[in-house]
Structure formats: C-alpha cells, structure tokens
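Have a look at this one before I ask anything.
Chains here go by letter, A, B, C, D and E, matching the order in which they are written, and residues are numbered from 1 within each.
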C-alpha cells in the first residue's frame, strides 16, 4: 500500500454509472519519513477519510476488494486511516499530534 | 485513478477484433495542482469525453470494469469527466471556467 | 495503452510451453508528440505488426485478453497498429507518410 | 518480487473490516547490491517478519495469494524472509551476519 | 515482458508454504541495446535459467500463468531464455557469443 495524505476532493457528474455515490479524494504520497514523494493519485474513499488525514491506499485489482469498489472501474482505494507509525525507535507520525 | 486532460485522438484500423468501435484518446496526466506531470497514456473513452476535457483514467484490470471494455485488451479507460476539484480551501479546477 | 514503435524481434527457444508460436517484438515507447520516452518493452504480437510500425501495447492482465495470449505468462501485447493520431489540430503521425 | 528491509510498523484502527488483525510494515526497497533504492511500501506481513529483517515483497494481485491476504484490499505482502543472496561469486547478504 | 540478465540467486527458508521448492533469481533489466537500465527484480525461475543467462520476465498476475507459479504470491517469473535478438538490421545479442 502507499502511505498518503488526503489533500482534496474531486467531483465528477458524468461518469460510469457504477461509480455513482463514491467519494473521490486527492491523495499525496508520503515516504516512511512522512515526507511527500511528489507522487499523487485520485482514490475512492472506503473508510470515511477526510482532508488532512493520513491514509493507506491500495492500488490495482486490490482496490476493488472493498464493498464500495467491487467490480467498479476503480484502481485506487483508501482502505485505512493511519493512527501512528514508527521507524526504528522513532515515532514519525501520530494522528493526535496533528489535531 | 490518474487525473488527465484529453489532448488528442488515435485511429487504428488493424486491431484486435474486440477493440472495434472503441474510441481511443491521448490523455496527458495532471497533478493535484492541475500541472502536467510529463506522463501520458492512450485510453479508451467510456463516457463520451472530448478533446480539452479533464478526466479520470482507471488503469490495469480496473480498466476492464466498464461495459465498453469488459474482457478486452484495454489497460486504461476514461471513466469520468471531472467537473471541479479542490485542494485545501482552493478550487484548482472548474469545468465552466474552461469553456 | 502505451504508444510504441516496433524496433526489433526476440527469439527464445527454451520457454514456457504455452508461449510456443508467439512472436516477440521489441517496442520503444512514444509520447503524444511521437518522441521516444526512453522506455521499452518486449511484447507479444497479436495483430501481425512488423518492424517500423507504430502500435498500441496493452500491459498487465489486459495483455492476456486476446486469443493469442489467453492464460499465458504474457504481460504486454501489441493489440493494434496505428494509422494516424492528432493532438489538438495537428496531425502528429500518419502511417502513409512513413511508407 | 522486490527485495526490502523492514524498517517500521504502521497502526491503523479505522480500516476495511477485512484488514482486521493484519500487521502492517514499512519496507524500504533494496537493489541486488543491498543498497536502498529510495523506494518504499507498506506491506502486510504474512510470515512473521520483524524490524531489521530483509524480506521479499510481492505486489499487485499476487499480494492476495496468501491465506492472510486472500480477497482483501492489500496490494503488497511480505511472503518470505531472506537468509542470504549471492551476486556472481560474491555473497552480498547473509542473515547471520546481521545478528 | 522485461528483458533481463540473471545475476544472482536468493535463498529464503521462512516463507509462504506455497513458495516451497521455487528457485529465486536476481535479474537486472536490460534495454533493447543490451544495456542495464538500473532496474532489477527477484523472479521465480520457471524454465531452468542460470546465472549469466539473458531471460524474459513476466510481471504481475501474468507471473502466475505457469505451472510453477499458479496461485502463488509471485509477481515476477522467468518464462523464457533468450537465444538472440535484433534491432533494425543489427544483431544486438546472441547467446552463443556469450559462451
């Protein structure tokens, strides 16, 4: 999965019918130091993520393994909201510290 | 999904029979600031997109999850036409402003 | 799909039995301006393409959606020979001009 | 598969229900010389890997071919812990030397 | 498929049970000029390839379309040993010349 930060929302009225009702979010990729890598993706939100939250994005066919995205033309899904992560002995990110 | 702008059309007479009747479009990738990233792809159009429009492209096996592309050798499909998007509090793109 | 130019052929005698009889081609990737991007791939030819021709290549599981490649360990297939393409009002490529 | 080194752990409470109970690890990619390539991924651990261990990561739909990850929105799985590897006549990595 | 050269072997004792008995090889990617591109992958060998041989590697779900790799968490497989290839009128590689 890619780590990422939700930075925006996308609205598309004309689309594949199966995509109706899904929320589309801009996600910027983060590395294990919490730095932006320069990559980004538009992902379907399957877990109620909001702008500013740090999330995990699954890509490819794995992006269709949620109830929200099953059999839909979706290649990226937010499938988890991250609470915290550690690298070595150092805590790099904790959600509470963001609030 | 990748955000992109439709910049051209491709015509191929000799092709896999299952690809007959599908419209092929050149799409340049955009980042969340609306800037071109330097990437591009040829995608099947599943939603009636036209040159100049900003669209979402699904890739890989997810590109076959539309009626137009089911079971075809297609790895990229335009599955939505974008109306507008926001990053933080800023509106980066709105379709009406393009017209 | 990736746009590409067929630049060579590959011969492999010892291989997965299911790959017998398939033609393998070197394809250099092209961008929408017809310039080489520096990328390349070895693809199975499903449409009778020859050296010098400009083609579309489907990748991943979509590369198995042709009669020639079904259920085979093939992740790239030439599934169309390109006649011409336009970007904006400009014709970038036309096959007849190559002949 | 990608070679990588486990460098950290990720905790996510709010997630797709099917992801419950899976351990998420930060993995930095290594090349055949044992050097970091600059890439990284968050992978599900299917083999009991721990921080500091060198592992193999399978990506895409192949990441779902373990009991732990079957039918889940997971696109990267640690499916082996590496004991040692050789390039040419040189042993580049051996687990015992790390301990 | 990616062209590559087998440069080493990997041993992993603790792994997904379905991976037992498979040989893991380090493969460096080559471009159509026979030059290393800087990329590399660990692939399962399905055709009896050895160090120094030039091979084709199939990736993604296509890597599971061999008897050796079916339904296993394997995303790269060596599915052919290359005898020779030509680019334009020039022979770039021939196996006999390597021996």
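Basically, contacts are C-beta pairs under 8 Å (C-beta built on N, C-alpha and C of every residue); 3 or more make two chains touch, one makes a residue touch a chain.
Predicted model only: the values in this text are computed from it and were never measured.
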> For chain C and chain D, what is the smallest step count along a path of chains that touch one another?
Replying inline: 2
> So which chains count as neighbours of both chain A and chain D?
Replying inline: none
> Could the interface between the copies chain A and chain B be described as same, meaning over half of its residue numbers are common to both, or is it different?
Replying inline: different
> At what distance in angstrom does the C-alpha mean of chain C lie from that of chain B?
Replying inline: 20
> Quick one: chain B and chain D, Cα centre-to-centre, how many Å?
Replying inline: 33
> When you check chain D against every other chain, which residues touch at least two of them?
Replying inline: 60-61, 63-64
> From chain D, heading first to chain E, what order do the chains fall in as you go round?
Replying inline: D, E, C, B, A
>> Quick check on the complex: what are the chain E residues that touch chain D?
In response: 7-16, 18-19, 24, 26, 28, 40-43, 51, 60-61, 63-64, 71-76
>> Quick check: in the complex, which residue numbers of chain C touch chain B?
In response: 1-3, 31-32, 46-48, 56, 58-63, 65-66, 77, 79-88, 92
